[in-house]
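Below are structures written as structure tokens.
In the two complexes that follow, chain A is the common piece, with chain B as its partner first and chain C second.
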Partner chain A sequence: MGVLNDVARAAKSIVKGHMVTLREIFKPPMTIRYPDEKPEQPKGSRGMPVLKVNAETGELNCTACGLCARSCPPGCIEVIEETDANGKRMRRPLAYNLDMGKCMVCNLCIEACPFDALEMAANFEISVYDPENLVFNKDQLATIWKNYDAVRIAGGEKL
Partner chain B sequence: MPGWLIDFLWVVVKVTLVIAFVGVNFIFMVWLERKLSAKMQARIGPNRVGPHGSLQLIADALKLFSKEDIKPAMADPKVWALAPVVMFAPALLVFYVLPVGPNAVIGTDLNVGLLYLAAVSSFTLVGIFMAGWGSNSKYSLLGAMRAGAALMAYEIPLVLSILTVAMLAGTLSVQGIVQAQVDRGYYFVFPGIVAFIIYFICVMAELGRGPFDLVEAEHELVMGYQTEYSGMRWGIMLMAEYTNQFTAAAIAAMLFLGGWDGPFLPGWLWLVIKAYALVMVMMWVRWTLPRVRIDQLLDLSWKFLLPVSLLNLVVVAIFLV
Partner chain C sequence: MADQIERSIGAGVQVIEDAETMEEALRRAHLEEQAGERRRMLVNFGPQHPSTHGVLRVLLTLEGETVIDAQPDIGYLHRNWEKIVEGWTYAMVVPFSDRNDYLAAICNEQAVVGAVERLMGIEVPERGQFLRVLVFELQRLTSHLIWFGTFAMDMGATTAFLHAFRERERCYSLFEEITGARLLYNYLRIGGLRNDVPDSWLKKLEQFLDDFEKEAYPSYWDLVINNEIFRVRTKGIGVITPEQAIAYGASGPVLRGSGIRWDLRKVDPFLPYDQFEFDIPVGTNGDAYDRAIVRMKEMMESVKIIRQVMKRLPDGPVMAKLPRALRPPKGQVYNRVESPRGEVGVYLISDGGTGPYRIKWRSPCFTHLMLLPVMARGHLVADLVTCIGSIDIVLGEVDR
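Showing the complex of A and B:
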């Protein structure tokens, strides 16, 4: 009866396997058709640091204190403070350049900022043909902050 | 018009229709296989060319046509070049005896139709062997040897299971077998369920599909006898493979599932529907079970299928007497 037992066991396992594949046919696929459908990014995913805009005044929160640039390990942030004709410091950035070619998305600039001016956006689609275009100025950073409102890290709370 | 000219034109029309069907069937089956396997693996499958990727194979064929015709330097030029044709011809020849309706056969209703089917469908092996030997490559030769071993092992239980049907129907004519099922009001799958299962397993092994695709086991043999072929030569081999799969399913549908018999729809459509249902079962098996080893393959045939099919034949014979 050894042979019959073997046959029964084989038949049972074969049927079991086929039931698995049959079930899978009717399940929705796991594939995300990436450029057409965007993946849902997890809370806290880091894309690039961007500059926050004050909702009331419409200006940047940044005071050009330069702490972010100091804290940045690869040194990809360049802040130049604006001064008026008398040389008085205006406490706002004349230029704020972020080189995403260098940035390692470590989040240290955001932790260093005392004025809540920086935030990590989940925007990761920053590929460009020319590496010079990876240097983002303050207007671009503010625009990305506005556009990627929905996927911004943890809804504004710092991690 | 003289009589012979009308006959000749009829032949031309029929051959054109069969070749057109083979082409469309190839496109459809490759698409079906890719979509089904994708579904089973929680993927989407081809979805770029045409609606739901249905025209993907046309793009692939265009790519194959535009490829350079690479010929191995040490290959036997004639045998090597002829092999895909020899493999494809039997796939077309099978259509000759397919009955597509009451009193309607594509070619002629041979009174030894079953014998013809068994002979012609094993003829593919000659093409496989030509490809394996002519390529002058170890992988090709090993693949062809395996195909030969598998075919020899599975041809016997296959023919024995077909013989069961012939005994049930009392005729070797394919049309006669279908007609017998229609006349008696039951399909031979019910008295011949064992024969049907054995036929199905054997046919998958002979086609080198499903868990028995060790003729072209990528991990061991690169692509088996197809290793040295590229471009449209390989495309023709693939086409022969898929056409063989369809005809094998169609033969199973005729012998066991009543062929063109069915309500409302025309006969040829019923045959195609039944054949595609069996083709889908074959694909289901292929994408479920892991590949067997060569010794398991031969074990299954010689030690299990052959005795069971012989026993089945004897049992059916006793019942008929």
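Showing the complex of A and C:
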């Protein structure tokens, strides 16, 4: 009789499991068809850091102070300040390179920036064929900031 | 579990004979095979095996299909964590600590952040502390959900995996709303939290907890835990006696599964856990089934704690007022937290600078992996998979 009881209990537990699956059949799917349907990203979602452009002057907010580069754990930011012929510092970047191959999207550069020059874009689709293309220069970063859907940019208030 | 046995700690600790090193095992197997004594086989299990939860290589000595010895070989995910952070400031260590145990990032952050706070004597505001408890327990829930899904899948139940990941995705969406990231948050700061949570978020969390408690959680029991196949596959498999668990330094659900009531949230409350009511589930036999039951019950305890936090969440700031440059005094501190896997500890030595002089990371996964030969000896290869799944290791933390 012990064996029969075991069999009965096992059969019952398996039927119970299948009932859970049966209930799921009538529910709408939880998944989305990703490349065609984009996932909904909340405000503040971190994708990649980009450079902000001043709306009035059309120039970058960045003053090439290098605080972001110093606060970056993997060291993926490279800032070179522009100087004029006399060697005077112009307080704007000659080059601003961001290596997304190294970046770990930790948000520390944005928190370090005292000039509101950096922002986290929600853009997460940055795959490329050539790893060299993962290094973004300042024009590319500004273009991403300008072109990216304003709703999905993690901007406005500083989180 | 009506007949829960509480065993006193420290009683009957005995020295367990050391397992052989890998070279010794290889040599022995080779010699025995040459002598033709026993038909033994040396098999690599992993590092590309899907049931090893990452990149773990287990060197198996088999007799037929019985495991004679199982020696884990680690280091495939080694990233030199402890050395790299030595040149960094404390703020930079926090996001990198996420990458250790990537399934419970908040717990790692709390270990690092708490160590610095303890060294500097920083008092986190009450709302900050309560919110830390909240995200900590939500993280425990997500981590146990992943364990549930992958453990069931190790035993061939693919459906449960998808059920668990459905709830986990909702958790991660909640995390993304307040922290900005889904897996590696960098949310905790030295002295508090990066940002406050809005009330609308708390409502969403409440909705999630209701759904989880009513629908998802009972379905996990129906699908897997109460299933007869699951019971047969896990009962009596991978037994760790309380003495062995203590001798090897096990912690977390592995230790509690062996029947020892030891939880840092009760024993050494690192956050205001003493203000909340919750139970510590313990097992009796120390087998894979008991560890599974302990984790399943812990999920509900986490939900209980989150509800209490939400009910009593005080107003106020979440971040303490701090000097611009953090320079802890010279000294050393050990800070430990109860992560979903066990005791995560940070041993921090400061030389008075802006960054750590040395950090030692105490990883529960590494300790538990050393129990694998003890658990697997004498079982079948299929049960070895159960053993690996039941200790819930994250290889990122084993190798660091």
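The definition used in the following text is that the second predicted complex is superposed on the first by the 122 of 159 C-alpha atoms of A that agree within 3 Å, B and C clash if a C-alpha of one lies under 4 Å from a C-alpha of the other, contacts with A are read in each partner's own complex, and residues count from 1 in each chain.
Operating definition for what follows: contacts are C-beta pairs under 8 Å (C-beta built on N, C-alpha and C of every residue); 3 or more make two chains touch, one makes a residue touch a chain.
Here the structure is a predicted model, which is why all the values come from computation and not from measurement.
In the superposition on chain A, A:Leu108 makes contact with chain C only, not with chain B. Of the two partners, chain B and chain C, it is C that touches more residues of chain A. Within the superposed three-chain model, A:Lys27 lies in touch with chain B and out of touch with chain C [touch as defined at top]. Using the contact criterion defined above for the overlaid structures, shared-chain residue A:Gly17 touches chain B and also reaches chain C.
Contacts of A:Ala55 after superposition on the shared chain: neither chain B nor chain C is touched.
In the superposed model, A:Gln41 makes contact with chain C only, not with chain B. With both structures placed on the common chain, the touch criterion links A:Ala85 to neither chain B nor chain C.
Once the two complexes are overlaid on the shared chain, A:Leu4 sits clear of chain B and of chain C alike.
When the two complexes are overlaid on their common chain A, residue A:Met120 makes contact with chain C while staying clear of chain B. Looking at chain A, you'll find residues 14, 17, 20-21, 24, 30 touch chain B in one structure and chain C in the other.
Of all the residues in chain C, the ones that touch chain A in their complex are 88-89, 91-92, 95-96, 99, 159, 163, 166, 169, 173, 176-178, 180-181, 184, 186, 194-195, 219, 222-224, 226-229. The residues of chain B lying in touch with chain A in their complex are 36, 38-44, 47, 284-285, 287-289, 304. The touching residues of chain A, counted against chain C in their complex, run 6, 9-10, 13-14, 16-17, 19-21, 24, 30, 41-42, 44-46, 71-73, 104-108, 120, 154, 159. On the chain A side of its complex with chain B, the touching residues are 7, 14, 17-18, 20-22, 24-25, 27, 29-31, 33.
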